[in-house]
Structure formats: C-alpha cells, structure tokens
Amino acid sequence: MKQVKISRPILVDHVARIEGKAGIEVMVSNKQVSSVQMNIFEGPRFFEAITVGKKVEDAVAVFPRICSFCAAAHKITAVEAAEAALGVEPSDQTKRLRELLYIGDYIESHALHLFFLAFPDLLGYHDALSMAGDYSDTVKAGIALKDVGARIQSVIGARYIHQENLLIGGFGKIPGKAQMGALKDELASLKSASELASDILINFSNWKELDSPRLHLAIAPDDGRYTMYGSHIHASSDTSFPMKDYRKHILEHVVEHSFAKHCRYDPGGSKKKNEPSIFTTGALSRYTLNKRSLTNRAKERSIMNKDHLDPSNPLSNNFAQAVELIHYIDLAHNLASELAETIDENERPVKYDPQKGGIGAVATEAPRGLLTYLLDIDGTGRIKNADVITPTAMFLPMMEKDVGRMAQSLVDGGISDPSIIAPKLETVVRSYDPCVSCSVHVTTVK
Amino acid sequence: MVETCSVCETRKPVVGVYALTSCYGCQLMIATVEKILQISEAVTFKSFHMLTSASSHGKVDIAFVEGSVSTEKDLIELKQIREDATVLVAIGACSIHGGVQSWDQGLRDYPEMYEKVYGNGEIAYEGLAAKPIDHYVKVDHYLPGCPPDEREIVYFLSTFLFGTYPERKERPVCHECRLAGNPCILIEKGEMCLGSVTTSGCNALCIGFGIPCIGCRGPTPYDTASFDALAKEFKRLGKTREEVLDRLSIFGSHDRRMRQMVEKAYGGEK
Amino acid sequence: MMQSRNIYDTHVCRVLRVYPLTDTEKLFLFRFEDPSIGMNWRFKPGTFVELSQPGVGEVPISICSSSMRIGFFELCIRNAGRVTQKIHSLKPGDTVGIRGPYGNGFPMEKFEGRDLLLVAAGLGMAPLRSVFLYALDNRWQFGNITIINAAKTGPELLFMHELDAMRDIAEAENITILQTTTRDERWGGLKGRAATHLDKVNVDPNNTAVALCGPPHMYKSMFEELMRRGFDPRRIFVTVERRMKCGVGKCGHCNIGTAANWMYVCKDGPVFDYYDMISTPGLI
Amino acid sequence: MRYLKLPHEKRREFLIELKGYGILYAPVSISEKNFDYKKVDDVDTIRFDYNRTVLPPRKYFFPPNETLFKFDKKDCRLIDAYEDPGTFVIFGMHPCDIIGLRVLDSRFIDDQPDTYYKRRREKGIIIGIDCLPDEYCFCNIRDADFADRGFDLFLHELDDGYLIRVGSVMGHKIVDACDHLFEAIKAEDISVMTRKEREKQAMFQHYENWDNLRYLLELQDSHPLWERESEKCISCGNCTLTCPTCRCYDVQDVPELDGNGGKRIRFWDSCQYREHGLVAGGHNFRDTKLDRFKNRYQCKNAYCETMTISYCVGCGRCTQFCPTGINYRKNLMEIRGDE
C-alpha cells in the first residue's frame, strides 16, 4: 500500500526521549492527512524464537532483556507464566515482594517518563539536564523518585535493570528487615515529592484537537486494590475476559512499516459480529477503569483535577501517570512497612519440577499497559512455544490515529511548516510513553 | 573544571550515546547514574536520543554505542558513527558480544527466526542476524555488562577526562566473587555458574544473591576463558552438552572458541 | 618517634626537558620540586624508579642518567602503554610523582679496576647509559671501555647521536663505541646482532666486567659467545624486566622461583649475575 | 609462658569481654557448607567447630580492596587514605592461619614495611583456637599445626573448658582484666591436653618430610602431571585468593569526573590470571595456563627465610575451594613420587 507522494511528508526521523528507535511519517495530500506511520525500525530480536528449545530457567533470565525500562515487568510476568505452566504456587511473601518490586518499576518508569522525557516538552527544554538549571527542585525530585524506584528494585531484584534475583518459585536471597526499613523511611520522605508531577501538569491542559472517545483495556483488580495484578481484563466497552484467554481476544498482525506488530481487541461472545477494534492501554486506561481503588491521596488529587484525566484524550496519560506515582508511593510505603516487620529472610524458593511441563498464560499491567506472556513448557523443562504481547504493540494503532488527528488539525489551522508540526506530533507520541524495544522484540504470529 | 581530555585535549569532550538494536538498558544506565548532572556538565552530549531532543549527527570525540547490528539501518548508522567519532566505545553485551539476541547464533539462521516471529508478513526494513559491532568497525574500548555497572560508566568517562583511557577488565567474575566474600556456588550447590569464564566488573552481584552467573558480561578477553575445563566440570555434575551450550551461548555465542571447547569436553562420549 | 614514611608515597618531580630519541622513545630530564629531597636523593646505575601520574597509574622505569649528578635524573621512556602514553604527552613544567630508586643496581664497586663491556639491545641502552656515564664520570677507576648498542634499525638506536658525538673523546679515552643494526638496509654502519661484533671489542676478557641489557632471547647466545672468548662468568651481569607494580618486593608480579631462594626482581634484581640467570627458573 | 583455664560455662562471658576491645571478628556459618570470618554482634553465632573459612583472616590486615591514596592531579600529590579500623579482635584463628599471617609479616613488615599492612597489624588482637584436621589438612607436614607465637591468646579445648596460652603483653592484659573467669591449670588438665594433642596428630592422613620438595619441583618441571592438572584448571583464581599466604596485589588509579581528584586503590591479584606476568609492550612471562599453574606450586613451596618454613601452611583451602577438584597435596605427592 504505497502512497502516492503529492507533497513532502512530515518526517520525524528519530523520535527523541522515548525508549527505542521509531520515526513518524505523515503524508498530507490536498490538505488531508492521507497516512500516518509510526516507523519502527528498531531491529528485531526474536525473543520468542530464540527461547524455544531452551530451558525455562534460562528463558526467564533472558526475557527481561526485551526492555530495560520495564525489565521487572517482563521478568515478573515471564516468571509467573512459567509458574502457571508448571503449577508452582509461590509463597505469600514472594508475591508481596514481587508486587513491591513491580511497584518499584512503576515508580522508576513513571518518574523517568514524566520528569526526564515528558516535562522538557512542556517546559520548553531539549532535555531534563538543561532544565535542571531553572527547575532544579523539580529535576531533583524526579531523580529522587526515580532513585527510590530503582532502589526498591535493587534491594529486591539485585539491580534495577534485569533483576536477576527473581526466580521461578521465589528469590535467590530475601532482603533483610533493615533494608526494608530503610526503603520504608525513604518512601515516607518522598510522599510530597510524589505530588510534584501533578502540580506541574495542572498548568498544561490537554490539546482539544486530540479529543476522541476510545476503547480502554486494563486488568480489573480482584481484591479491590489498584495494582498490576488481577485475573480478568476488562474493557471500557463493558466487556471482559479471563487474562489467561488473552490470545483469543487480543489479536496481532504484521504491518509493513514496523518491526512491531499491531493489535486489535476482539471481545468475542455475542459481540462477535463486530470487527475487532483498536484500543489503548496504560496508565490512563487503568485510571479510567479502576479509579475507585486508588489510595485516598491519589484519589483526592484525581478528583480535584478531573479535566486533566479525560479518558478521550491521550495527553491525559501523563496526568494518570502522575496520579499513579502518588498512589504507588503510598502503596510501596505500606508494603515496605509491612515487610520491614514480617519478612522472613530465610525463606527458600518453592521447589518445583520443570519437567512437569504445561502451558501458562499470564497478563499483568506493566507501567505502559497490558503485558501478556504465554509459555508452553515441554516434558524436559524446555520452552516449546512462547508468546509475548507488549503494551506498545497494543496501543500503536491508536497512537497512529492520534498522530493523524493532531496533524490534520494543525494542517486545518493553516500550519504547514513541518518543523512546527513535527515536535507537536512527538509530544503526542511521548504521551503514550511508548517502549519501542519491547514492541519490536516480542510480537509473534500463530 | 575539566582542562584536558585524552580525545580532544583542550575543550569539553563532545559525547554521543547511540543505540543500535538493544533493550536500551545501557543508555538508561548512563542516563540514571547518580552523577548524571555532573557528567552533563563535564561533557557535551551531542547525541543522546533517549535523553534529549537536542540530538544531532556529526563529529563527536567519544561515541558510546549500545546494541548489536541487527538491521541494514543499524549497519549504516554504525559506520557513520565510526566515521564521526574519534574514540568509539562499545557498551553492553549486545554491542560487545551480540547480546541475548545472538543466543541462537550458529543454530538457527535469520530467515528461520524471521518466519517464526513474523510469519510471511513483509516489513520494509531489512533485518540482519545480530552481530557484535566489532564485526563491522574498529572498536577502541569495551565497556561490558548487561547492563554495565554504574561505577564503570563513571570510570570510563573519568579516564577520558583525565587524559587517558580505561584499563580493560580481564579477570573473571570469580575474582570479585572471592573478594566480595561469597562462597563458591559452583562448588557448594553444583549450579552452572559461569563466573570463571565471564569478565568481572559486576562485583559478583548475582552470586552475592545466591544466583549463578549467566555470563552477562561476556567471556573474558584475550582467549583466557577455559570453557573446556568448565564444561568438563559441568559434565561431571551431570549437565548435558545442550544445557551447557545453551547457558554459555546466552551471552557468549559469538566467542569463536566456546562451542569448540565445549565439544572437546563432551567429545566422544555423547 | 615520627611515623615512618609511607613507602608508596611519591616525590613531586618537574619535567625540565623532553628530547625525542626515536619514534617511540623520549628522554625526560626531571628535577625534584623539594630541594632537600633532591639533594639527598642518590641512586646506583641499573636501579629504577616508579613513575606515577595520578589518575593514570605507575610504571617502573630504569634511570638512564649519571648517578653523579645530584638533584636531577633522566628517564628514557618508551610509549608502550597507558601510563607511558600519558607521560609522552607531558611538557616541560609538568609534574610527575617519583618514588625509588629501587633495585640492587650494577655492582659498580666490583667493576672498579677492570675493563668494561656494555652490551645493549633495544631499550636495553637506557639502563646501560647510566653505567656508561658513571664510568665516564669516574674514568680513572676503569680500564678500557667498549659499548655495543644494537637495534633493529638505525632510527631505533637509542642515544645513537649522543654516542656518535663522543667518538672524538672516545679515542683519547680508550673507549670503543659500536653501533649496529639488524634489519636496516639503509644503515651505513655495522650490521648484525650485538654478539657478532664481540671480536671488535677493545677489552681484556680476563679482566672485564660485562653488563648486558636487552630482550630475553639475547642472553643465551651472548652468554655462549662470552664464555667462548674467555670472559669470567662471575663478572657477567644482566638487568631484566618485569611488571613491577610496587618496586619493594610486595606486590608479587615480578617474583621468580628457585628452590634455594624466592626472589623479587624489583628488590633482589633487576641486576643478576650469570649464575643467577642460568639457575633461576623463569628468569630468562 | 602463662597458662590458664577457661571453664566452658564462662566461655560466653569471655567472648562478650573480648567485644569490649573493639570489633569482634569470628568464624560464622555463611551458607549451608561454608564458614567465613565476619563481624560478630551476637557471640552465640560464632562457630567453634568450623573447618576452614572461605577467606583467610589476612583480609583484616590486607583488605581485598583498599584505597591507598587519594590524589590531586593538579599538585601531583598523593594523600594517604589509610582508614584506621580501630582495635579489633579476631577470635578463632587456627594455627595454620596464625602462621600464615607471619608469612605475610615476613614480606610486608620485615623489610621496607608496607605502611597499610603494618598499621592494621598493630591494631589486631589475635585469639587462636585449636582444631582437628579434616581430609584437606596437611599443616603437620608444613610445620604449621601448632602455633608457638603470633597470637595474643590461644585456646586448647579440654573436656570441660579451654587451656589458654598467653602469647603477648596484650594477652596478659586481656586475661588480667577478667581474671575472675579463669581457673588455675591442674595436672589433669595438662594430661587431657596432651592426650588431645596426640589424638590430633593421629588424625592427619600423611606424615612426611617435604624438605626436598622445592628441589623436586624444579627437577620435575616436565612431569606429565603439569599438563594433565593444568588442563582441569578454569583460571578462577580461587586457590590464590583463598590462600592465607598469597599476597599479590594489583594497583589501579580510579579518577573522578572532575578531571582532578580520585583514588589509587589496590586489590588482591592472582598469578592465575594472564595479566599477572605481562610487561609493557605485550610480552608475557607466564603466557600459558600451564605456566601460571606451575608458578603457584613453585611459589607456595619456596622457602621463607625469616620463617624457616615454606610459603604453604597446609590449610587445604586451595583444594577445598577448587571448583574442578584439583588436589594440591596429591599433586605435590605425585611430584615427590609418593604415589
């Protein structure tokens, strides 16, 4: 489907301040945006191919290498898929530690995205480093938040990128009470800093041009707690499905301009006759669907700033992340306080037999949205089949739509200078907080 | 204030941080080192797409290149970087050793993997089997790790700022593991720990957590990795040739001696 | 009592002059910053210093100047690694750290009253220059002197011009200077390895002290040639090279094994006599 | 020498007393099968029955990583960065480790004292304890099974307490300060101790005289053993890093980002690594694994003049902590033609 080039395309060769390599290509002909492509030229890494035939332990050590920004999300989800396949039930303590580790990933990832990648746009800088002169307190708060997120992951996962301490069945070494106590104190001291992101964002309203109702997907909390876990995925269209059936409902296909595939949602059931539709996922979707489960502080903040959390506008995703930052600092503090009292440093990982084999499918909420893993393990403890879908692959089609909408409205407003249009489009892309490495390296076809 | 730099002598060194195909962890590590603000004062970042939109092409004094060459576009970019850079530092497992995406190097070819993942779907960009960057261009310094250690990143930059260059680590992880006071888990638990053939610099972090080394910093340089002796020990512990090769290939599949030396250990008595 | 000085601490020395000698070697003249140290600092020919550049590292370098000169010393430095590369970028006025001198040095007192034969190959000329200059400064204590300086090519001959310039006084002082190259087509002078010119030396084998310095492979053939000509093995001395990190027999990098004695090149050497050389495993 | 008896029931109190002198380091369990010296807060965690620690106690005098200097590039000055550890107590050193420390002293103190080592050595109080040999021990052959000096106090276990030998002025001070804990030695205590000493001697697996060993090592330079055993070696360096008498170190400058400051550090090195024998320009005096393998055997069996024993004290660490089961003692015996 080659486009006839009537005028020069609006091109962004390499979108800066996102994870991974992607470009934007927008074709405008007769003042109409005729095509929008997120060119994903990050190279493929074939994780689902190279892990096939490998021992499940080696495979789960490799999966987090899909992406550094959400390595913990990948590691935890892969490990839990392996556990689901092998019928391993980790201890409650393991689950709580994993949750705290996952929250650490959220805090680090959101703080990085907001303070380092998104705010320079809003405040008119090229980057956070040059912003540091004028907004020293803001940058410092961002660093402190990112650091505590990293520290949580280092304490529990051994380090904050590619957390090796996390194993099938438990941990290599359980952190000590003193370490948990230190985390607790550090988290308590950052409560007010966690509100800073939303303080900044309230000064910037969403771009109305982007308003458009959209379908949101997120995991429904089982126990009324707003976290990354739950047994069902629900949609803003009031449909839902069990997470382990994700392959029936989230469909992928290859597109020519991208090493990342695109996804559609098929609600199945009685609505089967409907075409599978594009959807979005991420902080805004979680907020939209699960907001009543936020902690009080986060809830108050979100009620006060409803306008910034419009589910129809992708820029709201930044604010949703800011609200989550408050929420997760609270949640992390609670968890760390609890663990500082109760943690049993001598607990060993649950023993298991990798040769039992089986299939496990798990979905969790990564910082950027839904993340699904399916691992099929054979009778020798090796991976027979692996399937991973990442949030970026899920929301890419929606992102392209929004980029098109933005471009169209700018063109309609008489702006034709690509150097003015391009940065605006980049801001739209960045609001999704896309993770390009993730999206490229894992999609697979049946 | 910095007075000299080994590369550019008189002014602030101009640094580029580039990514080929990777997880972006090395860049994330650079961007999140504790001293990033100090670094950003000591050097000028000419290109660092992940961190700044003020990134541009052109000459740099020091280029840090993360990622393996996995597409034609990667290769073109890499050659340009080499041309533009006075000193080129390969950073991270992908760049130095091909990374985890090279796990199947020598086992499965590119079309087979492509088909497995993308079916018969067509993509406009040309992919390549993942390779370390020194298969294509000259590399001046190697900064290993998956991801690299914060201290080493700071060390590398500091040596340039001091008018010299970094010393290459060539001791195995076991060295730092003993220095850290860990017991040896290969001996005690019989686990397939790759510490003895893996370049140090991580302070044996994983073993400190009771986790065997999977070799993320890559084989020790100068052909000092005794894959054969290690494989023999694994064999004695009841590990199969495949298990050993799979483990050693995660980060070492491009080592020209590895496969042959493991075969030697298992030779004849399959 | 005062705490004794930290043995790894350095004295600040200033570069006074830098002379390029070859493409890879430069000669540096240093002076001690602190005159009280400079005045009291003595060394023997054949000893070395640890040269330190904070932030880069330390390297052992043998001293190549005359030990009679007080407060100053010269080092001939080959650009062969991280530290020496950095040192090569230094200019007059720059500073370095120096500790030492280390090692036993040549037993000059045993050389007294004898003819001297100095045989250097490659970088070996650096320590032997110190011996040579010492002998010149104390000319009346020695008999005839012959110096053989060998290198692959003419431009690689260390101190070639300096030795050349001495030709006129050499004759008057009974000094024979032989400079030879092994792989230089364009070299107009002597050709061949140092050992091939032993017939031209002007010393009495029965009463000559020999000092050798060169690459490890040189010694075996030199020893054979010298024995054949009747030189006394007790008076053949060699200086050897190792990675001496500390210079004071601690760090272990220069240890050499022998059943009778465990030695450190930095402390027990770097000058060894013929019998040490042939009976110490790993020394050659 | 002064001898005292510490009844078993006073042991705990005595250990708490020792903590009063500074940080107490003692062997504790660090994993299912291994022990190491650690800082001890709760004296009940001390293991009296340990066989050997992973790292020898030299780590307290010659730390695995140590900052020698901070530096200032501008002035080209080095600033001594010795960190005073304060007085500290090492409890539970076996005779081999005590003698191992004396080997280090001979290198680090006897001639041109290593400032850092010496200053730490002056701060450490050493309480030795007797032990029984296991399959790896051959300290008897190395004359290192009984410590006659090099400690402040030395404990021999009796049936109902410990016979204590006082070995230094500091040792006298310690026992004087808590003399209510001790009893006088009785004749039967002495007979228990001599019986135990005999029993210990009977437990060693070999009784040889290895005085000729270092000569045989030189003569057997082409013995097929070297090729065969070095092939098993994975060059991990465990044998040297866990050795109580190994003392090789490397030095590195770690500059700071400001382009001026930084530190000069030293850390344990091992002759089993390629870089150890390397000189500028790329020549390597021990270029092959075989060369490096032999070097350790040569070095460990060389003669320490001031100690009049070899550099090996027979602690068995290099064998127990070799991942590929290279048996040092057996190899030496093969060289001697014992097997």
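Order as written gives the chain letters A, B, C and D; numbering starts at 1 within each chain.
Basically, contacts are C-beta pairs under 8 Å (C-beta built on N, C-alpha and C of every residue); 3 or more make two chains touch, one makes a residue touch a chain.
Treat the numbers as computed from the prediction; the structure is a model and nothing was measured.
Which pair wins on C-beta contacts, B-D or B-C?
Pair with more contacting C-beta pairs, B-D versus B-C: B-D.
Suppose each chain is reduced to the average of its Cα coordinates; what separation in Å results between chain A and chain C?
66
Starting from the mean Cα coordinates of chain B and chain D, work out the distance between those two points in Å.
Measuring from centre to centre gives 37 Å for this pair.
Can you compute the centre-to-centre distance for chain A and chain D, using the mean CA position of each chain? Integer Å is fine.
Roughly 52 Å, centre to centre.
Mind checking the centre-to-centre distance between chain B and chain C? Centres are C-alpha means, answer in whole Å.
Between these chains, centre-to-centre, one finds 42 Å.
Tell me, which residues of chain C touch at least two other chains?
Those would be 55-57.
Of all the residues in chain B, which ones touch at least 2 other chains?
Residues 158-159, 162, 164, 167 of chain B each touch two or more of the other chains.
Among the residues of chain A, pick out those that touch two or more other chains and give their numbers.
Nothing qualifies.
If you go through all the chains, which pairs of them touch?
Touching chain pairs, listed by label, come out as A-B, B-C, B-D, C-D.
Could you list, by residue number, the parts of chain B that touch chain A in their complex?
Contacts found on chain B: 19-29, 31-32, 34, 36-37, 40, 45, 48-55, 67-71, 73-74, 99-101, 103-104, 108, 112-114, 116-119, 121-125, 127-128, 130, 146-147, 205-206, 208-211, 214, 216, 243, 246-247, 250.
In the complex of these two chains, what residues of chain B are touching chain D?
Contacts found on chain B: 1-4, 35, 38-39, 42, 154-155, 157-159, 161-162, 164, 167, 170-172, 174-175, 178-184, 186-188, 195-197, 222, 224-226, 228-230, 232-233.
Using the touch definition from the top, list the residues of chain D that touch chain B in their complex.
30-34, 36, 54-55, 59, 64-65, 73, 231-238, 241-242, 252, 254-259, 262, 267-268, 270, 273-275, 289, 321-325
Can you name the residues of chain C that touch chain D in the complex?
Touching chain D from chain C are residues 4, 6-10, 12, 52-59, 78, 80-81, 84, 95-97, 216, 241-243, 245-246, 248-253, 255, 257-262, 267, 281-282.
Can you list the residues on chain B that touch chain C in the complex?
Per the touch definition, chain B meets chain C at residues 158-159, 162-165, 167.
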